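One chain, chain A, appears in both complexes that follow, with chain B as partner in the first and chain C in the second.
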Partner chain A sequence: MQTKTTKAFYLIPYYVWIVLFVVAPIALIAYYSFFDLSGNFTLDNYQNFFTSVYLKLTLSSFWYAFLITFFTLLIAYPTAYLLTKTRHKQLWLLLIIIPSWINLLLKTYAFIGIFGLYGPVNAFLNVFGLEETQILFTDFSFVFVSVYIFIPFMILPIFNSLDKLNPSLMDASRDLGASSWTTFSKVILPLTINGVKAGIQAVFIPSLSLFMITRLIAGNKVITLGTAIEQQFLVTQNWGMGSTIAVFLIIFMVIIMIITGQRDKGAYANGKNK
Partner chain B sequence: MKEITRAAIAIVVVCIILFGVNKYLNQSSGNASSDTLTIFNWGEYIDPDLISQFEEESGYRVVYETFDSNEAMMTKIEQGGTSYDIAVPSEYAIEKMKENDLLQEIDHSKIPNLSNIDPYFLDLAFDPKNKYSIPYFWGTVGVVFNPSLLDGQTFDSWESLWDPSLEGEVLLVDGAREIIGMGLNSLGYSLNSTDEKELLEATAKLKELTPNVKAIIGDEVTQLMINEEASVAITFSGQAADMMWENEGLDYSVPEEGSNLWFDNMVIPKTAANVEGAHEFINFMLDAEVAAQNADYVGYSIPNTAAIELMDEEVTSDERFYPLEEARENLEVYKNLGLEMLGKYNELFLEFKMSAN
Partner chain C sequence: MSDNTIIRFENVTKSYDAETTVLKNINLELERGKFYTLLGPSGCGKTTILRLIAGFMQPTSGSIYFNGKLINNVPANERQVNTVFQDYALFPHLNVFENVAFGLRIKKLGKKVIEQKVIEALKFVNLVGYEKREIAEMSGGQRQRVAIARAIVNDPEIILLDEPLSALDLKLRSEMQYELRELQQRLGKTFIFVTHDQEEALAMSDEIFVLNEGEIEQSGTPMDIYDEPINRYVADFIGESNIVSGTMVADFRVKIGDKEFECVDQGLNPNEKVDIVIRPEDLEITAVDKGKMKVKVDTQLFRGVHYELSTYDDEGNEWLVHSTKKADVGASIGLDFDPEAIHVMRLNETEEEFDKRLESYGEDAYAN
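Moving on, here comes the complex of A and B:
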């Protein structure tokens, strides 16, 4: 019984939201990026971004984001697969999701204690006669904690796509003589690739701009684009440069979205209609 | 459709109720009127008993809020959402706040206790004649270290930090001014240097320190040093005093080449609602007994001569925290170098941090 006008009416909150909280902030960031400290219009910020400091920063951000995504995927895929095989799927899934309800900072602080020289991990190593090693403030601890935090975001989409998979497809594959590996690479993986892509988006993009963990767990020895933006706004008060870095971050994110986006429109539509 | 409408109405009703409750709570905690005094201070930077004492004596009700960086404090005052009557910025922040016209002049006739303050701390370059600010606490930047984890090193010179035996042991404070300043000091330059060549030299020198760097962090340093997770840290004197209070094995030293001398001061922002009360509070805090009690609680060094006489001599004769005037000659106060230069410092610091791994 809905007329066109009432439909348009219901869309108003949506459009207002999009304009106020998506379009306007991005436009503002882009706008600020063209001003220097004294408020003059300039392109210097962009030129500055292409100096060695910021380029190195970008590269190292990508490298760590890649490592984090890689290890998250490595753990998440088999976990999601096993989850679909368990009897109480929803319960197990809930157990994996619950930690993500706890505040990120709280979890991070906990790891300072866990990884400390006199923390439980080192105490455990001691049992095997190993000496205390420095775990905190290393690349290892940084990647480990990040992976721990991001795992639920990778498991969920993969779990969903695996769960939707028709088990008779796998039976068919085996019946026709395919090995386990062939079944996985030719049947399971292609059919769940969209879940994997969604997971990669959900992990890689936020990894690029992590900043609290870089300080607390990596002791600022790992610097990401997020740290640089925070510094520019809070310490240097150079909103122009901060915005410029943010603009590049947005560009990188869009590129990643395009690369990992669903290219096969038909499959996308099918998935959506389910 | 009906359910959605119902849910929407429920959400709106809940919002209105929460808004009302919030407003009621704010009212009962009193916001910006003539019988309250709103103080904006660093965390753990006053003895809470003194606030109640001041409330009793003056009849004002005190609202106490805290901040954790000068920059955050300035932004909040500039926005003007809350009218703070007292704030406690550091010296370079005062210069900036003066420039931005955020402060009002302090009427010295209403602060007779100003005579308790050591003249050394009055009329300093960042605020000539103390027109806008009254000293609160002061201190230095130095090295806190744990002799039991070291083999006999002392930190009379910044150079000792570069010692190869300290590999992976040194914690640095996450501040561009502090660390680049330390690099400049170690080369014998001023920590307010704006000379491109000196700055690059300092950064190059700092990069050689990276094998020794364990982490570059903030307040977490305190806990790590107390727990003996690291043997050496660069930190502020007051923070060092906190650590030494918890772990008696620690020691503190200000290297001879020079370091930073800093002051935190009470100011009255332009937006203050209770200027009269703010003056009363400043005068109250300068009272000898009050200041002594406060210094005992906070652990930083006070500029109040009358109060020092009342304090435990063991504390006030400790030259690590109350360096003699001759020793202070090597120390420098941060100058406001302007945003342009601060950006430069920050970029060099970023470069250093990136080489730390």
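Moving on, here comes the complex of A and C:
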């Protein structure tokens, strides 16, 4: 028989983990955000954040995160839909998931090669008589590589929700006179919206704080909250300001999580259970 | 083909994969405004026929006509057909009202009209007051009724019902049977009803199609099928029967075991081997010396309306008897029956040959 104390005992590692790796770092960040360069307590960091420089930064971060999420969704939804229609869908899904196991840095470097001045893309453009152009260090290459990297994280939740969809619901919709488009907008999309939300969460939030891809692919062309934090900590050594940006980043993330949070209607919501 | 034909299948076959043919050369003609039932065991192709009519898939070969027009390639949303799905297929993200209103909204009807029609449909299925409920909060039987309401509210030419009453309790079920039949007659629409409950089929239909492994074994009115099953399969499926092998000695004379009985069948070859059906309710218990047959009572069950006796004759054939009279288990009793109670079925007779033979008997034999 399990008593309350033994249950609490099993939970100890969990609590230790949470305190050490979640609560403590956040508390530390919040703590540091109240100090200036010379270690005096101050609220200036917060005031600074609301100056045009940082607000612009925030806006640009959101804009890029939005672009990345938008294009990822645009590609992932139809792909996930087609996947559910294929014969060996689990195999195809695996093929799409596998690249996400490869180290992010490796993939990013690969793109530096591909997009570089002497890379295959430029070689290909040459065939058509086009001049070699700098593809790296542009907004385009940044969004492109980010979309590539995030696609599996969007496909997976959408695929799962589509796969759970009861196919006779589509028949029922058609039966009641709905065109393919109406069936999509009135039945398929509402019933897979949780998958879409989960996908948006999994893409939008990390893209807000991207910095490595930003640095390597976009150079200094794109400055986001992620690169700003990196710069404050590593270059300017202004831990206070870096922490302040991080605090805001965390707040934004929480807000996004709440917005895209799941309205839980239980297992029935996907329609497959009777 | 008469003017009244609404659906016609011409040599329709359907296979999902290369190995198996689910429907084998189906030919049928359905008239406007009638109640049809597809009856058959699980997996015989009932749902497949409905899906072909609804337009969720195309036949592998053959043609389907609707009002005389070939509709093989007409998509489901352009067909004047609505379906009550076997698994209900209600939209889980919409409440009861919105589920029923789904088709009406697509037709872009006015708000008032929609509301009035939905309430009327819900009234029919006894679900007034449940408009705001989520589907997840409805019981199986209630969901089934929402599905019925969602189909009838669109006022289609044909309503397909795939086992729409299977989840209801006995009382509600027979109530809905009456009401569906009544609704069908009031609307004058064509209903195609699927069931594997033969009593339900007999009670509701104008015409029944008995299916077996993707083929139509027999079609006809409930009376025809019950009284004159074409073969062992139909006789067995359509109700409890005693089916034994026998020999046609001459016209009107049939031999079971070593006893000869009078019957009403004729035109068969002398000494032709046949199957013989006698319904349990056509057998009457009498004294041993008065009966045409002598049997021994093996078991007796009280079934409410009647007793069901399992009895055996001297040759070991089992005879089920439905009787309002009680008998003693282990006792010998006599069984009496009319010549009309004996139904003779030729082996491997096609439906066409069968119908021709029945016609040749003339009407007088069936006057009673």
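Please note the rule applied: the second predicted complex is superposed on the first by the 261 of 274 C-alpha atoms of A that agree within 3 Å, B and C clash if a C-alpha of one lies under 4 Å from a C-alpha of the other, contacts with A are read in each partner's own complex, and residues count from 1 in each chain.
The definition used in the following text is that contacts are C-beta pairs under 8 Å (C-beta built on N, C-alpha and C of every residue); 3 or more make two chains touch, one makes a residue touch a chain.
Bear in mind the structure is a predicted one, so any value in this text is a computation, not a measurement.
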Chain A: partner with more touched residues, chain B or chain C: B
Partner chain(s) touched by A:190 [first = chain B, second = chain C, both, neither]: second
Chain B versus chain C as contact partner of A:139, first or second or both or neither: first
Partner chain in contact with A:231 - chain B first, chain C second, else both or neither: first
Touched partner set for A:93, first chain B, second chain C, both or neither: neither
Chain B versus chain C as contact partner of A:249, first or second or both or neither: neither
Chain B versus chain C as contact partner of A:174, first or second or both or neither: second
Touching residues (chain side chain A, partner chain C) in the complex: 166, 168-169, 171-179, 182, 186-187, 190-191, 265-266, 268-271, 274
Of all residues in chain C, those that touch chain A in their complex: 51, 54-56, 75-77, 81-83, 85, 87-93, 102-103, 106-107, 134-136, 140, 143, 150, 154
Interfacial residue positions of chain B with respect to chain A in the complex: 69, 71-72, 168, 171, 174, 176, 213-218, 220, 223, 227-229, 339-340, 342-343, 346-347, 350-351, 353-354, 356-357
Residue ranges of chain A touching chain B (in the complex, touch as defined): 37, 53, 56-57, 60, 112, 116-118, 134, 136-137, 139, 215-216, 218-223, 228, 231-232, 234-238, 241
